[in-house]
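Two complexes, one shared chain (chain A), two partners (chain B, chain C).
Right, the complex of A and B next:
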């Protein structure tokens, strides 16, 4: 086993709002090994982006309650001074955001924006050194003619090229952990394929650990090692990517997988759906948060409605569900409880 | 089956670079450039392409939300390209639209009842059972609780809002619905629900759909026929089975290979297109795809390939069509 670069333990995040306390993340624990690509998958409101923001130390406003521990190379991020987190942010840990248009400043040349990340962490660097470094990283992320493009403004770039600029900013200090929050959602399919290819290459050559936040299971299958599935702020399954697609442990994962469209499906074929909608985080159902939408609850009984299932190990993976191993196998053989 | 909606050589350009009121524009964005398509009644036509290919503009010209620059729009064989006033109002009863973003397409200050009932008010239709009853029927039809008549859009989730948008588009009992990326703003599990709902409604109400999307895997689930667009032109059009099993245009091949496959075991050869879509203000000469195409030759730069029928159910616009060669 390689070393963990990031350890998240019992992380809980809630926001005090006028409508009440919103529990965005609830008792989340996971770790990230050196050189590993971990996907955090879930629907909107499942807590994926809040998890990312807390790892980056971005949640500091007064109405936020943070509990638990986030350790980056043994350094505790929760409760650390802002000045200390600043040293890590952009050097040891970096983030790529969803929308490349709104994450770049339209008034500054891209070279300045990429260079800023380097200068901040190398205060003594000469102008020439910064410029050379910027050109080098632009080359690395596949921006053609970096010597010319370094003086362009963001609006002169296409969506895919802008996302490459954002990735260049994240990578210029060789971070140990890169968090990519829906990096391809705003891009066209052919451009998405280019960016995923780039991220895969960069990961192989630099040995950076990546947390990929996404709702697209197709993207997950193509580039990650392990998958963490979130629902209503909790981890409900952690599994190897090769297993999660063939034998998921949790009914929600199973449901998500069958709702995914594939080119293998027939023309005009109907999709399986998960009934209902994800719960409001103001009012999370008692017991297992998924129980109102779950068709396998019959096999377990009352327990689902009363007590939250903990994340426990099932073979090599983890699942937060009361289904027994035998019942999980039945589920994966497309056996379903009879609806009365 | 008769042709419910047909467009012939449709052109839509937008002027750009006008400096003052009296100055002439410096150029035109050729959003839709000579598109001919026909939708039979009860059929779903999928239109696929990347952003900026003109698919949404095409949808808007079809619904008369934008006037056509040139060409014809035929409804049941009657030319309605320049419909105005009363004629246009009548036309709206036949063609309706579902929009992409269920957040910005519903007025946050109106109740659901008012939103869904608005088409009846505008068209001055008074159903025998009363407007309220009719709206409640519509809500039930799309899987919403009719008792939510007096609620506001913010009280609903994204998927439910899209159902409200669908109910509104059905209020006038249209025959044709243009759906512009109806599921791309929704979560995966909700996308599947909406796609299934659209299919059920089609069967129940005998609707024709024009389904606009950027994702070939979504289109596969709803379409009888698919047209692939690139820079304002149709590059390939075929029956769904035919298009997915026997794609001919290099752009279609690339689009298909770029769809992420939810199966880690399956390794597919991916065609990586270099570069981005060129500007529609100044499209490349000859074939518009040639700047990103691995099969491009001299011929492609000088002569534009016409959309030709290669079998009864398949049209393609390429000088070198076929499943091979693939790029190295």
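Right, the complex of A and C next:
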């Protein structure tokens, strides 16, 4: 059994707004093992990015309520002093953001911005040492001619190269956990593949654990070990990647998978969609948050409308759904309740 | 960068040329006749006609313009024989009302205005940006409300009112300062500062408000930038993020507006100078308008235009230094 580097337990995040309390994350628990790649998948507003920000300790505004526990190597992040979290940020735990075009400060050379991440955590480092370290990490992330490019400004780089710079910033201190928040969404398809390859290679050589936040199931299939599916702030399924594509446990996961075009059958069929829209976080439906959009609710009945299903273990995976094992199998055989 | 500067300077000269023509044309259509103004008490039509010839107003407009422009570069001679005199280059004409070369009058007025502007700018930038930073860092809290409130108070008070208020409080009521009488800096720096401190604050209180707003809004906008989030997630200390990332991102528009504000102020702070009796460009302009002293008004117009255009060019160059992206585009 590998060791958990990150343990999230009963994490709840809510924002006080003028319209009321918004529950962005609700009672979320998961763990991340050393060297593991975990994907967090879900639609916009499902709480993926808020979860990432909580782990980074970035949610400090006065109108945010945080409950539960986030432990990084046994260190409790929630409620820790800002100065203590700061020591972890960029060293033990690093983050790559979605848009490389806006992630870099336009006013400073990339070498300075990469070096800063090292200097902050190595206060005694000489200029020479920082520079060598920067060139080394730039080489590692595949930026050509690092000795020259170290003095370039971000706008002199392409989108893909900028994302490599951002990854270099994240990796310069060999973090134990890397959170990548949709790292390829803003990039061209060909560049996406390069960046994913790079991340996979780096992950293999350094044994860094990665949390990959994405809504791209293609990316998930390519480089992930386990998948956490979120809906309206809750975890609704946690499953091995090899199982999730063939036998998902939750109707929502099933819906997400059906909404992906498959090239295998070669038939020009209409793309399946999940009917309806994700609920407003101000007004989450009673019972299972997914029930108004769920095609399989009929098999369960009233229960879905009344009581929130807890995340329970189904075989070696977890699901928050009242469907029985038999019904899950029926669902995966494309059996659907009759629409009356 | 060098090419950028050269191009900017060429454009600047072209702009000044246009301003000079416009100003000259405007003054030539005014119903004020300098020849009769400078005629004195016992005026006759003959005297006016002679005056007109002496001053060159009988010449065609284009000739007058060329003479005027030549004067700026080569100086200009007036009158003949024993009455002849010269206004050395750069000559902006001669005030017959005051009996002085315009250039001399302007150079006499400039030090007071420059002193006022520089001092006031230092105070309003410190005050404005300082309050803006405090506001932005405490958005929505008590400190934010107080700074924003102060800024709006400053913005909504007329200059003359603040000036008179300060005179009343500090000179008449508390008697901290004597009534200001301008002393050149080189004569007595202490008295210089003593005379200027209230005018400085008068200008600063009015101007700071805009900078508080600009700094506050600029910083709040920058704070939500991805690169600031990345800076925080690098583990940089809060102060470093604030100065190197947030303030750095907000400062560029402030530099632009400060440059132009300072330039306009150098053309004369008419109200402040009048309230405090400072012998600067503003008071000179006001007096010249009251006296219909056209050559002086024309001179001040050109000098002010020159200062604004130069400041504009400097701001552009500074902008290119501050923002590496601008450098590339040029």
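By our rule, the second predicted complex is superposed on the first by the 335 of 340 C-alpha atoms of A that agree within 3 Å, B and C clash if a C-alpha of one lies under 4 Å from a C-alpha of the other, contacts with A are read in each partner's own complex, and residues count from 1 in each chain.
As a convention for this text, a contact is a pair of C-beta atoms (placed from the backbone, for glycine too) under 8 Å apart; a residue touches a chain by one contact, two chains touch by 3 or more.
Since we're looking at a predicted model, the values are computed, not measured.
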Combined model on chain A where chain B meets chain C, clash or fit: fit
Contacts of A:259 with chain B and chain C, given as first, second, both or neither: first
Chain touching more of chain A, residue-wise (chain B, chain C): B
Which superposed partner A:242 touches (first chain B, second chain C, both, neither): first
Superposed arrangement, angle subtended at the Cα centre of chain A by chain B and chain C, nearest 10 degrees: 70
Touched partner set for A:5, first chain B, second chain C, both or neither: neither
Contacts of A:165 with chain B and chain C, given as first, second, both or neither: neither
Which superposed partner A:77 touches (first chain B, second chain C, both, neither): neither
Contacts of A:156 with chain B and chain C, given as first, second, both or neither: second
Least C-alpha distance (whole Å) that remains between chain C and chain B when both complexes are overlaid: 7
Where chain A meets both chain C and chain B, residue numbers: none
Interfacial residue positions of chain A with respect to chain B in the complex: 43-44, 158-161, 188-194, 196-197, 215-222, 241-242, 245-246, 255-257, 259-265, 267-275, 277-278
Residue ranges of chain C touching chain A (in the complex, touch as defined): 225-227, 229-238, 244-245, 248-249, 322-325, 328
List of chain A residues in touch with chain C within their complex: 56, 58, 82, 86-91, 94-95, 97-99, 102-108, 116-117, 120-121, 153, 155-156, 166, 169
Parts of chain B lying in touch with chain A, wherever the complex brings them together: 50-51, 157-160, 187-193, 195-196, 199, 214-218, 220-224, 240-241, 244, 254-265, 270, 272-273, 276-277
